[in-house]
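Got some structures for you, see below.
The same chain A turns up in both complexes below, where it pairs with chain B and then with chain C.
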Partner chain A sequence: MSDGKPRIGVFKYSCCAGCEFQLIFFQKHVLETLGKVEIVFCRMLQSGGVEEGPFDVALIEGTITEQWQIEQLRKIRSVTTYVIPIGSCAVCGGVPAIKNNEQEYTIQSRVYEDTSRLTSIRAHSVDQYVPVDGYIKGCPMGERDLAEFVTSLLLGKRPEFIQYPVCVECKLQHNICVLVAYHWPCMGPVTNAGCGALCPSHDRECYGCWGPMKNAHARALANRFAKMGLSEEDICRRFTEFGEPTVEWKPGQVRRWDVVQK
Partner chain B sequence: MGRGAKIEIDYLARVEGETALTVELDGAPLLQLKIFEPPRFFEGFLVGRKYNEVGDIVSRICGICPISHMTTAILAVEKATGIQVSEQTTVLRHLLAVSQIVASHLVHLYTLAMPDYYGYPGITGMLERFPDEMARFIRMKNVMNHLSGLIGGRPLHPVTHLPGGFTSIPHPDEFGGVLEELRSIRADAEQAVRDVVDFQLPEFFAPCENVALNTENRYSFNEGRIVSDRGLDISVDDYDAHFKEWEVPYAFAKQSAIAGRNIFRVGALARLSNKFDELADRTKSLAHEVCAGLREPNHNPFNNNLAQSLEIVEGIEQCIGILESRVFEEEEIDASPEPGAGGAATEAPRGLLYHWYRINRKGVVEQAKIVTPTAHNFLVIERDLKELVSERRDLDRGKLRLLCEQLVRAYDPCFSCSVH
Partner chain C sequence: MSTSHSISADNLCRWVDSLAGRFQVLGPVAAKRGQNVFAPIDNSAPLALDYCTTMLGPRFFIYPSVQRLCKIDRETNTYMAADPGPARTQLIFAIHPCDMHAISVLDRTFLGPNKDFYYAKRRQETYTVVLNCSRACDQGFCASMGTGPFLRLTEGFDVVMTALDGEYLLEAGSPRGQELIETAPGLQKTGRMRLYEKSRLEQQAAASFTKSLETEGLPELLMRTFEHPVYKEVADARCLGCSNCVLVCPTCFCYKMVDRVDFEAKIVERSRHWDACQDYWFAEVHDGNFRQPQQARLRQFMTHKLCTWVEQYGCFGCIGCGRCMTWCPTGIDITEMAKEIQRAPTRQLELG
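So, the complex of A and B:
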């Protein structure tokens, strides 16, 4: 760390760039944060920059959907102390990984007539390719975990990320359980917290945008949904909107994707 | 300039998404905007998803204009499935749209465009020299995010917005609080226009058709007919009959044109060129005072920056007007979808955005089509770059390169959106 300032690189892969925006406009903390760290590479923020590193921290946003991204990711890993995926795309595949439910060619040919020049591969999270040193979850990534990470970095301590389900936050908000009371297909029990139980607090069920909670019991929730009368396809859709390639939600993802056939 | 002279920008910084730019200077300049943003195939994987998931999914197309994608998709789904909404829902959608457009313009003007005009690589180095401007920017941004977040649950990727309406309505006191904040940034907004005038935008004449959504007597964003300053006037339902889209070998984004018409432009400048008379009095008088000459259909693409700054003033005025005159009440969402197909268009911060869906009797998407503002602007950006380079080819190479970058950024393109 030159001048004691951590050198940070920010890399974007296949995603909406919302996390990078969340980072750049770190709300009230933006001014003091920018003074305390050195952002050496972030294309959205500044021209130029040092792509080769070395970095104290590399923040990675986006799903990995191209071969060149894997190669660059490995290079980044080799010159970086802490590699941190930010946001659901990088953490658990996120929305771009919905495409994994069907053959790559089927998906591609719906969008492009000429698929021969496409180089897309199956969508996977960052940790499928390189070891990572923590996750800042959320879609977009959560402010609380981001603040925790930046503070920990500056203090030289280990960050404490949120690792419990949305249900915990829902109880703290004094919400009525929408799953038990209203039989809404709420993903809260298997979804990592951090949003402050946003959806149940706004009269709708959680749709899982923060991705799977560690050791989530997806099968139990899927069974519950089935008892409530949800079709197999509907259950599968709930477990594949965020986190298709994850082991945690796999038991909820029944692969009978024939809904399109009339 | 010698043979084989070339400008290559292998990664255009400070725009949303990933693109490279090649300009060959010999003879007639050859120009390619190589949008290498990886495709995510939204139109591919939306097939098979439920009608009420579409809004949540497509908001992830873009981190700057999630609300535009979400609202357009929901409007299209409602059109396809025959779901009706209340007048209150339409007003809330308008507020949501305006709050995001203002926030997006602020981000573009202060962090993506401004560094170019003062010779900085990015916003980080500018904090010391421009503390007032940066403080102003963050004040306004926070208020607009507060309004988006109040209605949507969170400003980025809102959660309350579904086909049929909003799941929850904020308490009147909360609206009162944000109204106070909006009043407190009125002066900031006017100063923002002056900040942009201070950029001293380059002079450049590149005429083309200006296309925008328009309604009578209102500067609206979510409804209207597709019109232009050269006589185009079509219903959104006829979009597919007029707008054509095709693939190009050097970019993952598609290009778009209107059949039988010349090249066109969308965005803040196009909106202003079509709808100047509909602006609030305060915005109009400011436009006359600070940037006389912007009134007529304007043909300097760099002035898109100026048009955006005027929309910041306009947007804040509109929000204040609505919040002063209305009370919002809780209401039930009543959505029972019928099978069908339908499209909708809105004005995203960067211009005309179109979504179309076909939905079957199970409420599942069978076909999806999304055409973004940057796809609409793809051709005109390339054309303008070509003309700029031909006109100023004797300029020092570094300066020409910067000018090219400034021009692309003036359009405020979103390459993540354009590929999606």
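So, the complex of A and C:
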């Protein structure tokens, strides 16, 4: 931070660009705050910019699905102090990582007639390739975590990201538990909080868009879903809707999860 | 205890209507799909007096799930307390005895040697009217914990009601409760016969429980069997670490401080949120986490309620409402875990 203003670069890979929109929306909210930082590179916000850095903070959005992205990511890492993946795609694979559950060619030929020009690789999160310094989770990224990060950066303190399951926020809102009371297949117990229990507050079950909570016990929840009468396919689908096979959700994603249990 | 009175069901409704003029009345009402919740009411119409249990006990009116504590303005160097307490004096109507006991357990924490200003204020401004249970609930075992089905407290509450064939018996637990009763319309003095009927009803209700827990010598036993394999077995097979048990428990008191700085970094707001020992990061301290495995966190919950609480506050931390097992997504039952330890206290973990 040479002249006191943190230099920020925003990079987008395979995703819907919703997180970058969220950032811009956020800027509209509090113009003064982002006036205190210098946005060096952000394609959606301004043309040009310095892609080579150096940056104090690099916000990475999207899943890594091509070789050139890995190379660029490594370059960014080498010139950046804090690399922060933003949004579920960059944090845990997100929606693009659904394709990891089937053979690459099967998926490709389902979408494209001619697959000969495709160069895409398996979809992985940012931290599979470079070390990262924190995560701003959410789909799109949560405003609370983003605000916490920006204020922490300005105050020079360590940001405190949310690390508990959706259930905690849901209870703080006094919602009746939809999993226990109504037997809806809610992913709340294994999903990271931050959304303010949005879905359970609006009378539907959580579908896990914020990605896995640290240390979640997916197998126990998959067992519970099975007892409720969900088929293996359905259970697998719930655990693969958002996120690649992370260590937390993998046990729920394996099709024959009851075999894994033994 | 002063003389008791009886009141007809109609007059009870009229009494609640008149109380709603003086207080913010909070009572059990029907929610979506057959659930009950405690909510503010303006008159007696939405009251569901035959409710069985609610997901959250009425503790959150006294100890809110999110409470703003103070606000600091760095520009003007001013400090202000942000929680002014309830806007009107509250009256919680028809609390079941287990929940009333839970509030008295919370009192030992917050009104003990380290008095909590915010709790004390809300507690003082809250009237409590208890409704004794005439039947057992599915998951409750309050008869074993000595907290039900009829209220066994002698102080700390204002009025206790008992439903006796269409009528309600009212007894005061405090001078201000006595005052409340005197405002009720159509009061009748009751004789000894009614009290006899009440004690018979209590015996009937106590006998209808299906769940029980042998508490004799339990704290000592749990203290001796910290390494019992039941914790690991249950944690590995079922415990999600989702904290539902802790958040619905009416005696849990842990909170975390949450500071929010505005984007200008000028105004800092401090609030406290209910915290949960089942969260992974709860026991994270400098250089590590002293309850890393789920079994350690599960054991913390169970042994705190049934063992170390006794040492800490002189009573059990569990009031036998059964909420932790009802609202556990995988149905973990602490009474069954305790029974397994009582059955085979020296069992070792089988390897392989």
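What we mean here is this: the second predicted complex is superposed on the first by the 249 of 262 C-alpha atoms of A that agree within 3 Å, B and C clash if a C-alpha of one lies under 4 Å from a C-alpha of the other, contacts with A are read in each partner's own complex, and residues count from 1 in each chain.
Everything below uses one rule, namely that contacts are C-beta pairs under 8 Å (C-beta built on N, C-alpha and C of every residue); 3 or more make two chains touch, one makes a residue touch a chain.
The structure presented is a predicted model; accordingly, all values stated were derived computationally and were not measured.
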Partners on chain A (chain B, chain C) - clash or fit: fit
Partner chain(s) touched by A:Cys139 [first = chain B, second = chain C, both, neither]: first
Partner chain in contact with A:Cys199 - chain B first, chain C second, else both or neither: first
Partner, of chain C and chain B, that touches more residues belonging to chain A: B
First, second, both or neither for A:Lys12, with chain B first and chain C second: first
Which of chain B and chain C A:Gly94 touches, first, second, both or neither: first
First (chain B), second (chain C), both or neither touched by A:Lys171: second
Touched partner set for A:Gln72, first chain B, second chain C, both or neither: neither
Shortest CA-CA distance in Å separating chain B from chain C in the superposed model: 12
Intersection of chain A interface sets (partners chain B, chain C): 30, 203
Residue ranges of chain C touching chain A (in the complex, touch as defined): 31-33, 35, 37, 55-56, 60, 65-66, 237-244, 247-248, 261-265, 273-274, 276, 279-281, 294, 326-330
Residues of chain A touching chain C in the complex: 30, 32-33, 147, 150-151, 154-155, 163-165, 167-168, 171-174, 176-177, 179-182, 186, 188-190, 203, 213-217, 220-221, 223-224
Chain B partner contacts - residues on chain A that touch it in the complex: 12-22, 24-25, 27-28, 30-31, 34-35, 39, 42-49, 63, 65-66, 69, 94-96, 98-99, 101-102, 106-114, 117-118, 120, 139-140, 195, 198-199, 201-204, 207, 209, 233-234, 237, 241, 257, 259-260, 262
Residues on chain B engaged by chain A in the complex (per definition of touch): 11, 13-18, 38-41, 43-45, 47-50, 53, 56-57, 60-64, 66, 107, 111, 115, 121-125, 127, 134, 138, 141-142, 145, 153-154, 156-157, 159-160, 162, 167-168, 247, 249, 252, 360, 362, 364, 366, 416
